[in-house]
Amino acid sequence: MSAELLDTPAASAPPAGPPHPLAEFWTSFRANKGAVIGLAIIVAVFLMAVFADVIATHPPNLTNDAAFLKPPFWQEGGSLTYPLGTDAIGRDILSRLIHGARLSLSIGVAVVAVSILVGTMLGLVAGFIGGATGIVIMRVMDIILTLPSLLLAIVIVAILGPGLMNAMLAVAVVVLPHYVRIARAAVIAEKSKDYVTAARVSGAGPLRLMLSEVLPNCAAPLIVQASLGVSTAILDAAALGFLGLGAQPPSPEWGTMLADAREFVLRAWWVVTFPGLIILVTVLAFNLVGDGLRDALDPKLKR
Amino acid sequence: MKRASLAVVLGAATALAATLPAGAKTLVYCSEGSPENFYPAVNTTGTSFDAGSQIYSNIVNFERGTTNVVPDLAEKWDVSEDGKTYTFHLRKGVKWHSNKIFKPTRDFNADDVIFSFERQWKENNPFFRVTSSNHTYFNDMGLPKLLSSLDKVDDYTVRFTLTGPEAPFLADLAMPFAAIQSKEYADAMMKAGTPDKLDQEPIGTGPFYLLQYQKDAIVRYRAFPQYYAGKAALDDLVFAITPDASVRWAKLQKGECHVMPYPNPADVDAMRKDANVQVLEQPGLNIGYLAYNTKKKPFDDVRVRKALNMAINKKAIIDAVYLSTGIAAKNPIPPTMWSYDDAIKDDPYDPDAAKKLLAEAGLGSGFAMDLWAMPVQRPYNPNARRIAELMQADLAKIGVKAEIKSYEWGEYRKRAQEGEHQSAMFGWTGDNGDPDNFLHTLLGCAAAEKGGGNIAKWCDKTYDDLVTKAKTVTDKAERAKLYEQAQVVFKQQAPWFTIAHAVQLKPVRKEVVDFKLSPFGRHTFYGVSLK
Amino acid sequence: MLRFLLTRASLVIPTFLGITLVAFFLIRLVPGDPIETMAGERGIDPVRHAELRAEYGFDKPLLVQYGIYLERLAHGDLGRSISTKEPVIAEFASLFPATIELGVCAILFALLVGLPAGILAALRRNSVFDHGVMGLSLTGYSMPIFWWGLLLILLFSVQLGWTPVSGRIDVRYFIEPVTGFLLIDTLLSDESGAFASALSHLILPAVVLGTVPLAVIARMTRSAMLEVLGEDYMRTARAKGLPAWRIVGLHALRNALIPVVTVIGLQVGVLFTGAILTETIFSWPGIGKWLIEAIGRRDYPVLQGGILLIGAVVMAVNLIVDLAYGLVNPRIRHAR
């Protein structure tokens, strides 16, 4: 979606000069306080996901017939047994949020992995081979970009049927064009450079050229796009969940929890507030890191 | 500075919005959706029927709040002795509405009646295909086969001749699909080359005429001063289209509307406490259930079905999902229906006994099954997925691993009727109040075939004999006895886990006078007034 | 220049054809069929079902159906909705103004807040204000707007009672649609208070929809301003002793606005995505809600028509932005 807009400077600025050593990168990344906070949050969410079974005080799908819609502990009627209250069928919201971290992180990572892989391939092909194949690829990407991403994702989910995997696939398709475009732009920019010409002259085949010479050189914008892409993916998948087309209940995916809770908005504010809040915090963390990465990797913005 | 001026505008707007207008009596009904169009005969949703029924009259109609058939455009009628000929004597001096594109030159007469039925019945009628040729209810009620002829005796007398006697025929004519439209308007629109206008800018003889319709926003009616039974007590009637139930409730609370349908179960408690609101209620003619596929293992074993019935906590489902909008069901028919057997005991919630029974059936170590939940809200089931989650948790306690499945709604029904499931939630809303409509239609052997409406695919000889016999007997007491016996067999054999009967709840503001619940779930506003 | 115009415009045609393909074939892949969906629990007699399919033309081979579809399209006929039986184009026309009105107000809100915030942040680089604006805008950018909408309703409509809960205008006002844009129609009508009512209904949805564009605009404005302020001619202007407001107002802002305007243009697609969610939450009678419902009903003609029309609108806006940008910035013209 709009991630494209944030990365325009990165995309238009191919990394020039010698590659930064890792240490230098870390120093400049660390200087960005926001990015460090973001990273800390991501690490926390990641740990939460890995150790969900240990941290969560209740199994995520355990219902309690005696505790429907209990408020958080600081409100009257709440208790520390359910620190953030319970939902309509008596499940502990905190435990569900903790377990939901697994889903949301996997969604983010899987979507980005798939779209980077496929997108880079397509972009390399389009940039390197060009011709009719390139045109067709880029036209298809244009079509995907023209349609509102959520609408297209909804149609894809409608075809495949609602569910976590299908929602991930749908999101991967709609974010694909960003990666294709970045990869293609980088290839075109790199292609005319001396080292590629030199490699070609020395008899490197197109495949080897693509993978060993050009790809490493367009890694920087892709990495930035990827970290921003995780946040877009989480947000989009949650939006699908909210429309009832993402992960299906009882899975504790955050967007799905929110959709499920919507009818209680007037009666129990907590079932609506917490899932949304954790989506916001996680997405924000990835965006902070993405920003930090870009600043660290993009020499032009570093002053 | 910007902020300050916005606040002023806001303040002014809310001050105004707090109360509905005095003076002209405007009733605002927060309806649940947009009507499909204003031709009830091609629609099937209550939303469309509600929108149309304010505008049109029928030959006969249901008395408000009951299922009794009373005169409407026909003052009286005669039925021949063999029950095959119905002669209707029409009311004189009934005026048609007018709108920007049409001014009627004559009163309602027999031509209009004939036109309204022929456009649904005769393919050569120029309006047969206008809007749609799918006249759902006309076909579902069997009228194409039932009607032999329809004749105009004189300007104010029409005669229906049937191919055989049919007791519910009069009730059919009171249904929304039988609304009477103006032939003069139809002809004028055909001449103008815009036949669709007949159904989109409707002209009727009813108590309200259509002033404005904006899709997904508003339907605005005004009282028709020349309505034959006298002008409505309301001056204006507004349908404020509000699809979200919580939002409807918020609007009702704030006085932005007076009547709302389909409240959110979670909000009903608050509604009952609100001093400005009265919650009308009436048990509906419906049942929501979980059907076990008795043709598939392990549900071909009655012990397994019984065990599951005992393992699921029905009370928890009602408390969590239906709340006060449903009552626990033990029989396949609702308690308001005649022949309901109240002596029957529901299977108790007893996980230990359930486990024992499973062990007896050789499934002591549990098993895996699928559990289908429809993807949409239905009148008899406010949230199938949530119910499925509760069932899943209950079943896990006796070692049964249930996987929740769902399909697109049309697909869901088709697959369930084909019998692809192991267990599936489903339900039924009756339309004529006869037990046969539930007990035979949903559980008889004929419907257990592939593609039939018997989702349990359950064919029990004893049961089937009882309900088939009850169809042919005319004595109501005797029929009731047969149906009671059938319910006993049903409970023993447990093809379903009966979940609940939904209750029709209607929050209405206190200033609304004389709003009556319709047993069919319709909303009629003629006769309603405001304090 | 003409060549640039023509190349850009010629790219539109294959994309448009591609969208017709997507609209037509993807929709056909969606399982379920509108007739079944309408039938409900009762189901439908297979013979009748076949008759109806034939009537809608669903029984013909897909390619033939596509051909018929294209031919009708060429005549401007998008078909009729299966559920309401109204022409798709008429439904679109009656709902589109609501979406436009919402979108325009959202962008206006985003500009009114985002531009000044971005400019000030750039001028006071690294100040608390700057960090605040950047932090808030990144938060806005990360906002799940479907949740944001619910929160705002809870706070402003339910708790405080400041704004109406949903709808476009109080039902008391009987406004004849002239333009379809209620803010304009209410001004044209003589009903007093109607405009205020329409505006108060619009505020929350516009804020929700405008949140993401606001974040993007604030960030873009800031970085564009920073870039311009660092240019040599700015230093010259400062050295010449021009007053600060003139430097900012006349030189910096004008140059910084170019990329910002582009970004606004490119936000149209994003805005539609947001509109789908916003309209769902606020029961706003616009295009987004219409399409979501059409998917639920498997209303093929509405989906095809809606996707096509939205695609056309987005393409048109992108083209205009592209061309305008090309005009302003000659470098782009020769880039490809």
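We just call them A, B and C in the order they show up, numbering each chain from 1.
One rule holds in what follows: a contact is a pair of C-beta atoms (placed from the backbone, for glycine too) under 8 Å apart; a residue touches a chain by one contact, two chains touch by 3 or more.
For reference, the UniProt names are C = ABC transporter permease subunit.
These numbers come from a predicted model, not from an experiment.
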item	value
Of all other chains, the one whose Cα centre sits farthest from chain C	B
Contact-richer chain pair (by C-beta pairs counted) among B-C and A-B	B-C
Identity of the most central chain, Cα criterion	C
Inter-centroid spacing, chain C versus chain A (mean Cα positions, whole Å)	23
Cα-centroid distance, chain B relative to chain C, in whole angstrom	37
Interchain centroid distance [CA atoms averaged], chain A/chain B, Å	44
In chain C, residues with contacts to at least two other chains	30-31, 158
Residues of chain B engaged with two or more neighbouring chains	250, 407-408
Residues of chain A touching at least two other chains	158, 161, 262, 265-266
Residues of chain B that touch chain A when the two form their complex	245-246, 249-250, 264, 266-267, 270, 313, 315-316, 319-321, 375, 385-386, 388-390, 392-393, 404, 406-408
For the chain B and chain C complex, residues of the former touching the latter	2, 6, 9-14, 16-17, 20-21, 26, 28, 34, 36-37, 42, 44, 131-134, 139-140, 196, 199-200, 211-212, 214-218, 220, 238, 240-244, 247, 250-251, 254, 256-257, 376, 378, 407-411, 413-414, 417, 426-429, 453
Of all residues in chain A, those that touch chain C in their complex	1-2, 4-6, 9, 34, 139-140, 142-143, 145-151, 154-156, 158-159, 161, 231, 235, 238-239, 242-243, 255, 258, 262, 265-266, 269, 272-273, 275-277, 279-280, 283-284, 286-288, 291
Residue numbers on chain C that touch chain B, as the complex places them	30-33, 36-43, 48, 52, 55, 83-86, 91, 94-95, 98, 112, 157-158, 161-168, 170-172, 174, 176-177, 193, 196-197, 199-200, 203, 283, 285-286, 289-290, 296, 298
List of chain C residues in touch with chain A within their complex	11, 14-15, 18-19, 22, 26-27, 29-31, 134-135, 138-139, 141-144, 146-148, 150-151, 153-154, 158, 212, 216, 219-220, 223, 263, 266-267, 269-270, 272-273, 276-277, 280, 291-292, 295, 303, 307, 310-311, 314-315, 318
